[in-house]
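What follows is a group of structures, each given as structure tokens.
Below are two complexes that have subunit A in common, paired first with subunit B and then with subunit C.
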Partner chain A sequence: MGAAPASRDVTSYGMGLAAPLALFFLLFFVAPLLQLFWLSLHNDTAGLHWGLGQYLHFLTDPFSLGVLGSTLLLGAEVTAVCLVLGFPIAWLYQRVGPKLQTIIILIVLLPLLTSVVVRTFAWIVILGRQGIINATLQSLGIIDTPLKLLYTQFGVVIALAQVQMPLMTLPLITALGRIDPNLDDASCSLGAGSWRTFFRVVLPLSLPGLIAGCTLTYAAAITAFITQSLIGGGQMLFMPMYLYQQASTLQNWPFAAAISIIFLLAVLAVVSVFTTLGRMSRGYGGA
Partner chain B sequence: MIMNRRSLLTTALTLGAMKAFPGLSYAQARPLVFATFTGSWEEAHKAVLVPAFRKANADAAMVLDPMLSVDQIAKVNAAKANPPIDVMLHDPGPALVAIGQDLVEPYPVEKSAYYKDLITEAQEPMGPAPFFQVVGLTYNPEAVKTPPTSWADLWKPEFKGRVGITNLNSTLGTGWLVEIAKMRGGSEANVDPGFKALEELKPNLAAVAANPGALATLFQQGQIDISPGNFNAIQILKARGVPVEFVAPKEGAIAFKTTIHIVKNSPNRELAFKLIEAALTPEVQTTLMNPPYLIVPTNSKVTMGGEIARVLAKDTAELKQKFVFQDWKKINEQRSAWIERFNREIKI
Partner chain C sequence: MAETQGGRSLVVDAVTHRYPSGALAVENINLDIKGGEIIALLGPSGCGKTTLLRIIAGFIAQTQGRIIIGDDIVDALPPNKRAVGIVFQNYALFPHLSISENVAYGLAARGIDKATRQREAQRLLELVQLPAMAERLPRQLSGGQQQRVALARALAIKPSILLLDEPFAALDKNLRLDMQIEVKRLQRVSGITTLIVTHDQEEALSMADRVAVLSHGKLEQFGSPSDVYDRPETLFVNTFVGSTNRMPGVVVTADRTAAKVRLDAGAEIIARPAGGTLSEGGRVTVCIRPEHLQFVGDETGFAGVVGMSLPLGATVVHEVTTADGSGVKVSQARIGETRALENGAAVRLAPLAPSLANAFPATL
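Up next is the complex of A and B:
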């Protein structure tokens, strides 16, 4: 064993501590990803002929591009719903007493404590033809025939928004908690109204949490295979189901691999837009 | 210093790895591995087939490793020389894929005591069919007062917005489409009439489920009242009190052979053969035919009884007459094109 260096820079940390995790990622994430990429560069299902055929097939096929587009749009819709519904909860959390805070946190966390499958089945019961919503509306005489809620885009967005809500609310609660409450009072005492205070002070300062929440919700919503297929049904095709179909039913692994890579790149693009917004917001928040 | 920190760590990691992946240290001598399907299949095999096999083979060690057909194929493909599975179970589509990829051995027919007793359709030299899956019409008797009798009933105007189907990912969905095509003059090679019929079915469609399991739950929710359905899946729902009934349509119920195969290069070839023999015995098949399993037997020596005799067939002769078998070799050729077409055309 070599002798320890006489003096150490106490402000820097060795990268060695991160090595086990890095090794783990290298073995179980990077290596399979490279294998996936390698597979996607083959034109035949047996993986013998090299070529970009799978990518060309996807990118020149309006149907496939439509699936990609509708998946990315679904993510945007779910994120927007989560943001609009989640922000007030997070805001409220910072302004109530400790007892209510515990209740709010419990309500926010509760969905995370049950399995996604269970939560999704609950939504089938709520949205079904004889479900809670239709039964209530019918008994109130508002509608005659049941509304079609299950197996619609609307149903998928609502169910996903509920399922993914904690991913939005928790970062927002943290971000809002870091804002000095005195800033509100300062803004008010300087003559700003509540709305102005919100838009000029609270919102900019909460942006890091907001962007983190959006990124998490977005990524979770577009990849939510179970909820998408159970609430959306077999005829609403999103990327995860498309992938599954190609890989599992059709055994067309190179095309499935190409779909994964394209999907991954599309998601990375969206996430990097969020990150750029986050970086810009730092400048804005400081102004 | 004999042992420094680094060598200690290495030793610890190695020991840990051996603990975590015991396969590393003894890859050769392993028990017989049977990859059955998940869910009710696993339950039935655990309760009936495994005990019967162990009783007949001096308590030989065996493991059930339930997984989907496609996963079985992928796993065996990844280690052809030393496969981690000895016995595979397949639906007709994947069975042909496994045979085509040279993953299974021919069944030693001449050694088998039961093979010759199987119904002709179940005698597959690359792996016999110990069970049939049967697809017919499923309906909610509370909402549908006159029981349906034909696939054509799904198109009746009274079922507007009440019909459920599955997409073509499943054997059920694909087999059903072929049957509809046949009803309208098509065949396994030409499903155009089937797609035309689907187009006309759209006003009646309430749901296109992602898989047969999801379809079954829609009856519970009152989302659909009638659909093509798997006999076994319906019996499970019925046992739980859901109002559903199964009828074999007059065109014939679609029968899928569930075939069982010895994996090529299996280190437990002899035991694998014994397990399959156990699955073919009249005793095991009779037990599996009775509640709660209600699995359709393929051994002609089994006397049909209970619900199967009531709704499907009283004996082998009637079974042959009422069941429709499909040519999955032809179906597999074009299945990916159909799935693509279904993706594009069926939007409700």
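Up next is the complex of A and C:
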């Protein structure tokens, strides 16, 4: 280790240990990102004329802005569904016996153990015209004609929520597990009902996990190329697919690069909003 | 600044609780507590004292029996409707709320307006001598200060009963004494009926008006500290509270007030039949505390050989081996120049008074 000259401070470690990873990131992340940015600053596909034309084009084109908007909205919807469904599971996990805990964690982790492609095809089977949901509802006589579930926003949100659920529940389980169970009893003995206890004690103290979960779910949902494309089909266009089309099909590399940069900034903006919300709350640090 | 809510009485009426597994947590507990009393629930861990506390608070619904606070049977009320204040062992302060928000929490739950809440929180913080801490967070306070805040928070809702769960266990020795005095002072000021759960007998004896000793879910004795210490009703109470020498023997003659017991160590002594009459010829265990044994010069008492003497400051403890091979401890106050006893010296021992030797029927 390079550091530590005369006096040996056992609490400090040489930065050299991080060098391989730093080099890896530099080569395969920072450099391509810079190249991407450089590419986006060209007005023509051949890369001869410098300018902000690609950005101007995106930001003045209602279609492009629409794709960006619907992608960000999709992320918000998926995050909301994951939060509403995931919080009770995480809450339950902290209140059941060890046997049920194992079962819950298995159910939560199961989506991570199968490939995204497999899970997405399963959703096609479930949501399709002749799929499980429609077949069941029809045989029960609840509906006459099959509902359109596949290739809809609803279908994409539900499928993405299932795929990304572990990203929400795992941080929540950790955060809720850190809350002293006596706080529940203390709140109750002071006269608070379950809702007051939830909103004044449990929710504020679980905020770090909640924000981590929302950030992860959001980022994963809006960039989920496979699920978005397969469940959304050709009728719904989100940023990853838009980007893919511009780069691969139309060979418009500078525009694709500009889309990437704008998308990246949009995601960063949303994530920093989450983080700021977290800082504003005082839920950090335990007793 | 008297808190005039006055203490309400608390009756634990034939309470039995069975775990879902079928095991008994507490069995047929009866406590009749007057308004304004301090009661200690004393027992080793696992004796059911915390379960009883949680039953009174309403966190556990007992299998049988009733809890009566004042004139009300509260069994049907959830914890948030019982107006029972609790101080938890780890204080359980809300880490994300300031000290004054913590104290005002119960008032907010009762829908009291913000100005009144803040005024009341400040008044209580003055009562527990922490007026300057209102804006701090719990983690910025020391253990003793956190406990004062927990007390203030529990008192803020003007509870009819105050429950303290091992309140001093996490404090170091000096601070513990300070807080015990503080709690007694607050209890006097507020006149609130208080129940302290503890496994620390000194704490129970020093703080409580009456002590309820529990073992294996059963109430062994409920009486004043001096009753529990000097007139224990069961062998468990005698051995758990304070230290004692257990000497086996046989009853020679017995009536309701006195029993003549022939100790296995030799010698006949007069003992108090504790917890009922004894049958003649039956085996008994006689308990004599180390400080209730004395060295005697004449031929009374039983013989022994001094093994070791430990000077413990104000007292000297001698270990004496008796004729039947068992060891007893004798504690002597160090008055003037206590005669040093040599290792191997032959001595004779006798209880200070017959009422200080307690005879219990021997359990098989």
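Basically, the second predicted complex is superposed on the first by the 270 of 287 C-alpha atoms of A that agree within 3 Å, B and C clash if a C-alpha of one lies under 4 Å from a C-alpha of the other, contacts with A are read in each partner's own complex, and residues count from 1 in each chain.
To be clear about the criterion, contacts are C-beta pairs under 8 Å (C-beta built on N, C-alpha and C of every residue); 3 or more make two chains touch, one makes a residue touch a chain.
Predicted model only: the values in this text are computed from it and were never measured.
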> Will subunit C clash with subunit B on subunit A after the two structures are superposed, or do they fit?
Replying inline: fit
> Does subunit B (first) or subunit C (second) touch A:196, or do both, or does neither?
Replying inline: second
> In the superposed arrangement, which partner chain does A:278 touch: subunit B (first), subunit C (second), both, or neither?
Replying inline: neither
> Now for A:47: first (subunit B), second (subunit C), both, or neither, which partner does it touch?
Replying inline: neither
>> With both complexes overlaid on chain A, does A:180 touch subunit B (first), subunit C (second), both or neither?
In response: second
> Which holds for A:204: it touches subunit B only (first), subunit C only (second), both, or neither?
Replying inline: second
> More residues of subunit A are touched by which partner: subunit B or subunit C?
Replying inline: B
>> Can you report the vertex angle at subunit A, computed from the C-alpha centres of the three chains with subunit B and subunit C as the arms, to the nearest 10 degrees?
In response: 150
> For the superposed model, what is the least distance in angstrom between any CA atom of subunit B and any CA atom of subunit C?
Replying inline: 46
>> Show me the subunit A residues, by the header's touch rule, that subunit B contacts in one structure and subunit C contacts in the other.
In response: none
> Within the complex, which stretch of subunit A touches subunit C?
Replying inline: 180, 182-183, 185-193, 196, 200-201, 204-205, 281-283, 285-287
> Along subunit A, where are the residues that touch subunit B in the complex?
Replying inline: 1, 63, 121, 124-125, 128-131, 148, 150-151, 229-230, 232-235, 237, 241-242, 244-245, 247-252
>> Taking the touch rule as given, give the residues of subunit C at its contact with subunit A in the complex, in rising order.
In response: 57-59, 78-86, 88, 90-96, 105-106, 109-110, 137-139, 153-154, 156-157
> What part of subunit B is in contact with subunit A in the complex they form?
Replying inline: 1, 4-5, 68, 70, 73, 97, 161, 166-169, 173, 206-211, 214, 217-218, 221-223, 335-336, 339-340, 343-344, 346-348
